[in-house]
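Below, chain A partners chain B and then partners chain C, in two separate complexes.
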Partner chain A sequence: MFDDFFARALAGGIGVALATGPLGCFMVWRRMAYFGDSIAHSALLGVLLGVVLGIDLNGGIILMCVALALLLLLLQQQRRLATDTLLGILAHGTLALGLVGISFLQSVRVDLMTYLFGDILAITGRDLIWIYGGGGAVLVATALIWRPLLAVTVHEELARAEGVRAGLVRIVFTLLIALAVAIAMKIIGLILIVSLLIIPAATARRLARSPEQMALLASTIGAVAVAGGLHGSLAWDTPSGPSIVVAALALFTLCHGGAALASVFFGRVVDSARAEH
Partner chain B sequence: MSALRDASTDPLTRPPQDVVEGAPLASARDLVVRYGGRTVLDRVSIEVRRREVVSLIGPNGAGKTTAVRALLGLIKPDAGVVHHAPGVVVGYVPQRIEPQELLPLTARRFLAMAGRRARADIVAVLDEVGAAPLIDRQLSDVSGGEFRRVLLARALLRNPDLLVLDEPIQQVDFAGQFAMHQLIARLRNRRGCGVLVISHDLHLVLGATDRVVCINGHVCCAGEPEAVSRHPEYISLFGPGVAAALAVYTHDPAHRHDHPIAVAPVKDGSPDAGFEPDRAD
Partner chain C sequence: MTYALKFQDLSLGYDRHPAVHRLHGEIAEGSLTAIVGPNGAGKSTVLKGVTGSLRPLEGRIAFGGIARDDIAYLPQQSDVDRSFPIVVSDLVAMGLWREIGGFAGLRAVHRARVADAISAVGLEGFERRPIGSLSGGQLQRALFARLLLQDARLVLLDEPFTAIDARTVADLIGVVRRWHGEGRTVLAVLHDVDTVRAHFPRTLMLARELVAHGPTAQVLTAENQFRARQMCEACVGPPHTCGRNAA
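What follows is the complex of A and B.
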């Protein structure tokens, strides 16, 4: 079945979407979109690290993403710079460092476009093992920290007063984001990774009544976006990664636009939008 | 998951032995907290015993919430000792919590986060705080006053030995305030828990409190409500009008600088924490 490049792409993309759906919800709830983006931008530096150390490039990416994530957690403790400033500096600083560093590499040719925008059609069987192994680990870990992470997300001090070890939970969550970024890199590239985490989750919000529903829906919507984007990419010969994001965007617009239209025609806003008053 | 919860404070796993009555459930001694260069708390002491309602009062910015957060172990004081009796379960109702509109969460689900999940328990505790109809409502849809009740319910669901309430009647209507006073008294009497409450509410402070600690960066005075209400530092903090509203008889404000005497706690037994014997500068 996976002899066909398209089937492999579909399987890989859907695997990534399923694994990142619940994490994406937490990124939305915790307002960490830019945090995830900064981690993703450091991935190129991770490629460089992998080449220099002579290890698997995925390993290099994970190492670098984890290092940056922990650095961010540390730097957020200080009060001199606002978090968004800090994230901007690290996101673009690490991307620029990665680009400059890679230009020094004489021996290895690194295809930048692959890392920046992904190359889902070039997924190999080995990549699939990597995606399903890593993605499965991310899902299991997310399920394991689900309750305490949710408690910390709703109100950190309350959770801590009730005995949840918020610091530990936050570190595990951050490591999971780093892992997810490394897994999704091949599919969609570091520039667009966060959209694959954020857009399905934001779409799911409109339809969900509980956190678990929202996580499940986010995974499903992400998978649908991958399938739709890939088929569109094949039909119209468009770049695959961006096509997936466009598909996700279309679902988001459909869902939120549909709800807004319903409120106009039926005089009331569907479910969650009541919160907006 | 259990590894992510501190077993000693989890009501599901805590050891069965009860807390010895008389010893403080939680105490903080000589807390010093600094933010940047500013000293927010200067040698503040608080303690709460079983069946005791302690009110923490003071003007805005006096460090009340900071003191409570230190007592709960949420911040690490720069100096001082915080001690909890072994096995004490704390129910905490924070002052502010922003319901997140991005996170779909019903009141029932929010309460289930306290650790016990049986629906009957949740229904019972919501009933106790008069918020039963809210059980299946999304938190993003409840009002500020309603949300405070849900928060209180979550604290009670843990079956706490010590209940810590930060401004419990903010945004609560008058009937709700009365109910809150009754509830606090009932909790103390029936459940036997200690209550620490930060409040500006003079009725609560006078009516339902065993002991008042008045702070403004430092402990100004501490003792029984009437005694504190006559204390010069208290009067200079809140003004003679407010003080008179609370005091059983009025103290002549003109004398306040001549009598910088701390109030002796009238309770029998050991000397009170929070009591500073000589604050004459």
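What follows is the complex of A and C.
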């Protein structure tokens, strides 16, 4: 039924937005957008792993994302290659490996478009359990490491000196990103997934006065983008995943553009008032 | 006199290339010591060795009854992300990490201590201000307040007065002198030799190895400063180009 699949899509999208909002804030603060992208690009290898091992594909995606996240953390310790070079190699290397590997599968047909761009309208009841169970776990874990993660983000060396176990915090945070990426795959696909983490957080940054406020706003803005994108997708028959990202982008532009215009306008008003005096 | 720190043939460095070579000597408990030397002399490296973020390549640092969690450390200010949406009181309250850990909330007694620390560094009225709206000097005052909360016996400061206004420098030197008066050991990396002469009774001069250590007037001589510059100039480039390697 029309109502059923739309309600499931809306519920799933909002669930993902709520879980990814706070994590997205830390990705923005810690300048880790490309890091998230690299993890997301490995998801296709996870699909391949799931098929080859005969396990649940979501499980395969989680395993691969977590493995790549840990590999990235390990490789960042070396000094021969800069981090952005490393991320570039792994992001595109794993995506290419996944595409080539899947092309060898004879017995199973994998719908690549679903994994690349997501298919929120095909969300099932089982997917919802997965999204709300996994998303809830991500939220709880984020809340548990909130204070040390915040301290490490503001100033890592200072936090370390004060006794925060920065290495452990970074590992847990990276694993949470991997889990969030795996959960959000179905909604938006691996190509656009990081945009759902980054754009709402970057929008909220303009409006928030505290980290907690920014996290709440990011989740809310993400949920609004999901609802707006889905409605747009239905109204204009556009692909759902990209429509959600376009809606998020519209909110970002509205917020930042509006604020810039306001500062120009009010700046002039203040300047002219000063001139009159 | 008991020591707070004892450097025993200490070599510290990065990727097994020493930035500080065979440092030896004692920092007396309750002393106020400046670490000086040309750029690249290994001054900040010594502080990182004391905090434990760098492990010795050779030798060791002995702590005279001071536990690792009794050390407060202020790194160079440039690393703080000023666009982070956090207000002064929350930034300062992070100094209570060892007491409240990751989960406990701030109790009334903690809030009072945060307010006292903010007031002690002259930032009263700035509690709810975002750190992005602070000047460099005001941010440094806030970071000093964070140190005050830690109530540590050993305080390490890495270029605490760089790029801040004269009035803030004077106020923060007042805080440092108060720590010294309370019997805490203070070790500060400094560039301005006039500040060192005026306020720091003892000085440790480095040029990748020890040049001199003792009363400031005896250490900060023209001869020692010239020698330190020459020693550092002989080692232009990465530390390993000096021809010194860890064992």
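The rule is short, and it goes like this: the second predicted complex is superposed on the first by the 264 of 277 C-alpha atoms of A that agree within 3 Å, B and C clash if a C-alpha of one lies under 4 Å from a C-alpha of the other, contacts with A are read in each partner's own complex, and residues count from 1 in each chain.
Following the convention adopted for this analysis, a residue touches a chain if its C-beta (ideal position, glycine included) is under 8 Å from a C-beta of that chain, and two chains touch if they have at least 3 such contacts.
Quick caveat, the model's predicted, so the values are computed rather than measured.
Novice: After aligning the two structures on chain A, examine chain B and chain C and state clash or fit.
Specialist: clash
Novice: Looking at the overlay, what does A:Val154 touch: chain B (first), chain C (second), both, or neither?
Specialist: both
Novice: Under the stated touch criterion, which partner chain does A:Leu168 make contact with: chain B (first), chain C (second), both, or neither?
Specialist: first
Novice: For A:Ala208, select first, second, both or neither according to whether it touches chain B, chain C, the two together, or no partner.
Specialist: It touches chain B and chain C both.
Novice: So, does A:Leu254 touch the first partner chain B, the second partner chain C, both, or neither?
Specialist: After superposition on chain A, A:Leu254 lies in contact with neither partner.
Novice: Please work out whether A:Trp29 is in contact with chain B alone, chain C alone, both, or neither, and reply first, second, both or neither.
Specialist: A:Trp29 sits against chain B and chain C alike.
Novice: After the superposition on A, what does A:Leu144 contact: first (chain B), second (chain C), both or neither?
Specialist: Both partners, chain B and chain C.
Novice: Counting contacts the way the document defines them, which residues of chain A are shared by the two interfaces, the one with chain B and the one with chain C?
Specialist: Comparing the two interfaces on chain A, one with chain B and one with chain C, the shared residues are 29, 144-145, 147-148, 150-151, 153-155, 157-164, 205, 208-211, 213-214.
Novice: Considering the complex alone, what residue numbers of chain A touch chain C?
Specialist: Where chain A meets chain C, its residues are 29, 79, 144-148, 150-151, 153-164, 205, 208-211, 213-214.
Novice: Please give the residue numbers of chain A that touch chain B in the complex, ascending.
Specialist: It comes out as residues 28-29, 144-145, 147-148, 150-151, 153-155, 157-165, 168-169, 205, 208-211, 213-214, 272, 274-276.
Novice: Within the complex, which stretch of chain B touches chain A?
Specialist: It comes out as residues 1, 4-10, 69, 72-74, 90, 92, 94, 97, 100-106, 109-110, 113-115, 138, 140-141, 151, 154, 158, 164.
Novice: Spell out the part of chain C that touches chain A in their complex, as residue ranges.
Specialist: For chain C paired with chain A, touching residues are 15, 51, 53, 69, 71-75, 79-81, 83-87, 90-91, 94-95, 97-98, 102-103, 130, 143, 146, 150.
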